[in-house]
Amino acid sequence: MGRVDMCEDIDLQVRIGSLRLRNPVMTASGTFGYGREFAHLVHLQRLGGIVVKGISLRPRPGNPPPRVCETACGMLNAIGLENVGVEGFIAKKMVFLQTVNTPVVVNILGDSVEEYYEIAHRLDGVDGVGALEVNISCPNVKKGGVAFGTVPEMAARVTAAVRRATRLPVIIKLSPNVTDIVLMAKAVEEAGADAVSLINTLIGMAIDSRTRKPRLANIIGGLSGPAIKPVALRMVWQVASAVSIPVIGIGGITTAEDAVEFLLAGATAVEVGTANFYDPAAPEQIIQGLKTYLYEQNEQSVRNIIGSLQTG
Amino acid sequence: MPEFQEKCHVHAIEQVAPDVFQLSVHAPRISAAATPGQFVMVRVGEGFDPLLRRPFSIHQQFADGSLSLLFKKIGRGTTRLSRLNNGDVIDIIGPLGRGFDLSCQEPVGLVGGGMGIAPLAFLAKRLAAGEREVAKDYVLLGARDRHELAPLAAVFTALGYQVRTATDDGSMGHHGFIPDLLADIFSEIQLVYCCGPHPMMKNVVNTCAQADVLCQVSLETHMACGLGACLGCTVAGRDGNYVHVCRQGPVFYAGEVGWAE
Amino acid sequence: MGRVDMCEDIDLQVRIGSLRLRNPVMTASGTFGYGREFAHLVHLQRLGGIVVKGISLRPRPGNPPPRVCETACGMLNAIGLENVGVEGFIAKKMVFLQTVNTPVVVNILGDSVEEYYEIAHRLDGVDGVGALEVNISCPNVKKGGVAFGTVPEMAARVTAAVRRATRLPVIIKLSPNVTDIVLMAKAVEEAGADAVSLINTLIGMAIDSRTRKPRLANIIGGLSGPAIKPVALRMVWQVASAVSIPVIGIGGITTAEDAVEFLLAGATAVEVGTANFYDPAAPEQIIQGLKTYLYEQNEQSVRNIIGSLQTG
Amino acid sequence: MPEFQEKCHVHAIEQVAPDVFQLSVHAPRISAAATPGQFVMVRVGEGFDPLLRRPFSIHQQFADGSLSLLFKKIGRGTTRLSRLNNGDVIDIIGPLGRGFDLSCQEPVGLVGGGMGIAPLAFLAKRLAAGEREVAKDYVLLGARDRHELAPLAAVFTALGYQVRTATDDGSMGHHGFIPDLLADIFSEIQLVYCCGPHPMMKNVVNTCAQADVLCQVSLETHMACGLGACLGCTVAGRDGNYVHVCRQGPVFYAGEVGWAE
C-alpha cells in the first residue's frame, strides 16, 4: 500500500460541540466572503467548515477607503464590518452555501446584547447553518464603545443571550486585545459557550510618512497574517490549558505545520484567514499536509495530537 | 466566470523603458478565459514579506496560452517582479473582475496614461479582431517621455489605429496632457475607454460628461484578495454607497462611481 | 549649497524630561548589550542614546536554552533577564560607557517595588547615567507573579518608588500586553514619570511540530521585530494623544520611515531594537534618513513633525 | 578584535554535493582579520522574512581578500543563499567569536562531521602554513556519503595531512562513525580539534576525556545577533552556569561546557 493510500486512512474528524467536521480546517470570517467567492479556486466540499463574513442585524456599508494596507508579514484592515445584514444573508448568500456539502458557521456581530440575541434567534433553524461564531470584538454602544470582548461580564452577557436565542452550537470568538484572555475564555465558558475561537485581529496602525496621513481612513485597524501567529498560538495554548470546551485556533495559519502547532497547543480545529488572500490553495494544502504529518508521526487520528505539546 | 490559480513559467521579461517591464508568462487557462480590462493577482516571492498579491491588468493575451503584464517598478513587489528570470515560476490568479463592455459598434476612443495603457493593448487587439473598422477609432496615449511611450504606441499603430500621443516633457507628441487632445475627437466617437492615473481619469470623465460621450474607466485601488472576499477594495459609488473594484470593476461606466475629491 | 549640507543644518535635538538627546534615535534595551558589543560596527557617539540591557539588583543567570527563535518578520526571546546585577554593571560595564559621549539610559527591573527602589537609588549619581528606563513587564513575586505593567496601581507604585529614589529622569517602559495601555500611561504619568517608552515585547509562542516541543525552553517569550510595528505604532499614538509627558516609540523600527511614523504619531524619540541584530547599521541609517526626510518635507527641526499626523 | 559589516560581492557559488554549496565572496576586511574557527553572520535576502542573519563558520580564507563558506541547504535561509548568483551582493558581519587555540605544537587530530568540516579547512591551512609537520597530524572526516565527503577530503589531502574518512553508508572510508577511528590515533596526538553534529562531538569529547587527550570543540546554537548582545546563544557551562557561544565560543575546550543530555 502506497504512502498516499496510508494517508487516506487517517482520521481527521473533530467535533465542536455537536458540530461534526470532516477535518479541522475551516476558513476564517471576513477572509472567505460567503464561500462563493472562492468557488472557482477551492474545492469547497473538502473544507472542514466555512465561517462566513460577520453578519449584523441590518446591512452595514462599512468604512470609507482606504480599508486595507500591507505590513511586515501581515496586513491591516478596517473594513468596518460591511455586510448584507442577516435577512440579506439568508436570502442571497445562504442559498449557495446550502448547495455545498460543508458545515457553515455564521459569524455574527452586534452593537448591543439585544442585537446579538436577535440575529442569533433569526439564524436558529435556518437550513444549512451549522453553528454560530460570535464576534465580540465589536464596541458596545451602550457602554461608550468599549468592546464586548474586553470585559468579562459583557462577554458573558452576550454569550448567555446568544445561548438562549439558539439551539445551534455557540462559538465565542475572543479578542486578543486584552490583558488576560484566560479570564475572558472562562467567563464565556461559564455563560454557556460551546467553544471559543481565537484570535481576532490585534489592533494596529500604519502611517504614510510622505503624506503624514494614516494608511487607513479609520486610522486604526486589525492586524492579521503570519506576523501575529506567535501571539495567537500563545493565547490558544493558555486558553486550551484553562477551559474544558473546544478551542479553535486562528492567527496567521498558512501551512500544515502552522495548523499542527495550534493543534498541539490544544486547538481542536483551526481557521485559515489572511492566507486565503495570498494563497487560496492554503486550506486544502493544510488538509493534505495534516495527513502527511500524522502519517509521519505514526498517528491514526488527528484527535491524538490535540493538546499533545511536550512541555516537560 | 471561470478563475484559475496557475503556477506559471516566465517566458520572457524585458525592460521596455526605464523602470517599465513587460513580463510574459505561460498561463493557458487564465489566458484562454481572459477578456480585455480584466486583471490578475500575482504572488511576489515565496516568503511572507511582501505578503499580499499584486494586481495587474492583462496587457496582452496570445493564442498560445501566454499572456503578458506591463508594469512599472514603484515599490517592493514590483521590484521583485522586475528581477524575475526566464524559467522562474510565479503564482497567478485570474482572470479577475469585470472587463470593458465591448458592445459599442460605433467609433471609440482608447485613452490611456502611463501604465494605464497596459489594458488598452489587449482591448485594442480584441476590438481589431472584430468586425469594426479600427481606422475610425482613436487611441490617445500619454506618458512621462518618449522612452516610455514610443514602444507602447507602436503596438496600437501596428493594429491600424490612429494614434495621438502626449508626453509630460514634450519629447513625443503633444507637450502636455491627454485630456487636451480629447475635444478634437469627440465629434467622431461615441465612447471612451479610459485607464490612467486618477486625476487624469477624473479629467477625462468630466470632459466626456460635458461632451455627452460615454466613458468606461478602469480603476485602481488597494486590494488584498482581488476575489470579492476581503471587501478592502471599495471606492465611493454614485450616491454615497460603496462599490468593490475587484468584482464590480475594475472597469466601470463613469456614472457608476463617485468622482468627488 | 549641496543637498547633503542642507541636511546637515537640520536640527534633530529632542528632550526627554531634563535629558537632552542630539537626535531622537536610541537603541533599545536588551538589543544592544552594554554598548561595547557594537563598538566595532557602530559609531556609538552618533547615537541619540544607548539604553542598556535590563539590570537587576543581583546578577541573574537567565533562562535555559533555547532562548531565541525566529518567527514571520519577527523573533521570540526568553532570555530571562540575564544580567550582571547593578554592582557588576557599575563596576564592569559603565566604565566603557563613560568613555562614549552619548547619553546612557539604564533599564532596570525588579521582583518587588522595594527592589526597583534600591536599584534606582544605587544608580542615582553614578557618573554617566543619563536616565532610568523602568521595565515594568516583570512579574511581581509578592502578587503571585502578575506583571507590574498590567495593573495600573502596581505600575504607579513602582513609578512613585523609583521617582523617590533618584533625581534622574524616570522613563517608564510600558507593556503592550494590556487591554488599555492609555490607562497604564496615565497611571504612571500621575505617579511622577518623566516619560513613557513603549512597547515592550508582545507575549508569544512557537512550537516545533516535529518534536512537539515549544521552541523556547521557557515555552512563552517576547515577540519583537517588524511584525509588531503596527501594534506599537497604534499604542504610541493612543498614549501620545492622552498624556502630556514625552513618549518614546519602540517596536519593529528598522528604517527612517518607520521612525518617522512613530514621530508623526507623537513620539518624541524612538528606540531601535531587534533591527540591531539583523542590521547594526540601522540606527545610523535612520539618523541620516531622518535628515533627508526633514529636508524633503521642508522642515528645519525634527520637533516640528512630532505628533503632526493628519487625521482630519 | 576588529569586526566589520561588509556588503560583499559573490565571487562564485558552487554546488559541491547534493544540498551542499560553497559560496565565495569578496570581503577584504573580514578576510584579513579572520582566524580559524571564527564565524560570520550572513543576511539572507532583503525583506524581513527571514529576519535574522545566519551564522556560518569561515571555511576558507584567501590572501586576495575573499573567503568562502560551506553550507548545507536545510531551511529557508540556506535555500535563499543557495540561489545566489555571481555578482549578487550580500551583507556579512565578521569575523566573530573566539576561534581555535592554535598554540599546541605537538601532533593534533582534526575531527569533523558533516558541515562541521567547514571550519577545519581554514584551520588545516593555517596550521600547515606554520612551522609544524602536518604529515604527523591526522584528519578524520565523516559525512553521509562519498558525494559529500570526497571533495572536502581532497582539501586536506592536498595540504599534506593524513586523512581518514567514514561515511554513514560506507561509500567512502570506514562504514560507520568518526569516533570509531579515534582510538587508533590517540597514541600519536596531543589534542583534538572537533566540529560536527552535537551527538558526535559529545562522543568525541568523552572518548578524548577517557584517553586524556585535550579537545577543542566548535559549538552550534541558535543565534540572533552573533555579537554578544542578545544573550540568546547560551549553552550550559561546566558547573550550572551558562556560556555564550557567540562571544566565549564558538570554540571551547571541552571542559568549559556541559555535556549532559
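As written, the chain order gives the labels A, B, C and D, with residue 1 at the start of each chain.
In the analysis below, contacts are C-beta pairs under 8 Å (C-beta built on N, C-alpha and C of every residue); 3 or more make two chains touch, one makes a residue touch a chain.
Predicted model only: the values in this text are computed from it and were never measured.
Undergrad: Strictly by the touch rule at the top, which chains does chain A share as contacts with chain B?
TA: C, D
Undergrad: On a C-alpha centroid basis, what's the spacing between chain C and chain D, in Å?
TA: About 36 Å separates the centre of chain C from that of chain D.
Undergrad: With chain centres defined as C-alpha means, what is the inter-centre distance between chain A and chain C in Å?
TA: 34
Undergrad: How many angstrom between the C-alpha centroids of chain C and chain B?
TA: Each chain's C-alpha centroid was found; their separation is 47 Å.
Undergrad: Name the residues of chain B that each touch 2 or more other chains.
TA: Expected reply: 48-50.
Undergrad: Enumerate the residues of chain C that touch no fewer than two other chains.
TA: 71-74, 225-227
Undergrad: Considering only which chains touch which, label the overall pattern as line, ring, star, complete or other.
TA: Shape of the chain contacts: complete, all pairs touching.
Undergrad: Can you list the chain B residues touching chain A in their complex?
TA: Chain B residues touching chain A: 2-5, 43, 48-53, 91, 93, 221-225, 227-236, 241-242, 247.
Undergrad: Residue numbers of chain A touching chain D in their complex, please.
TA: Residues 72-73, 226 of chain A touch chain D in their complex.
Undergrad: Which stretch or stretches of chain B touch chain C in the complex?
TA: The touching residues are 48-49.
Undergrad: Show which residues of chain A lie in contact with chain B when the two form their complex.
TA: Going through chain A, the ones touching chain B are 30-33, 37-38, 40-41, 53, 61-62, 64-75, 77, 79, 82, 225-227, 254, 274, 276-281.
Undergrad: For chain A, which residues are in contact with chain C within the complex?
TA: 71-74, 76, 150, 177-180, 202-207, 209, 211-214, 219-220, 223, 225-231, 233-234, 237, 252, 257, 260-261, 264-265, 293, 305, 308-311
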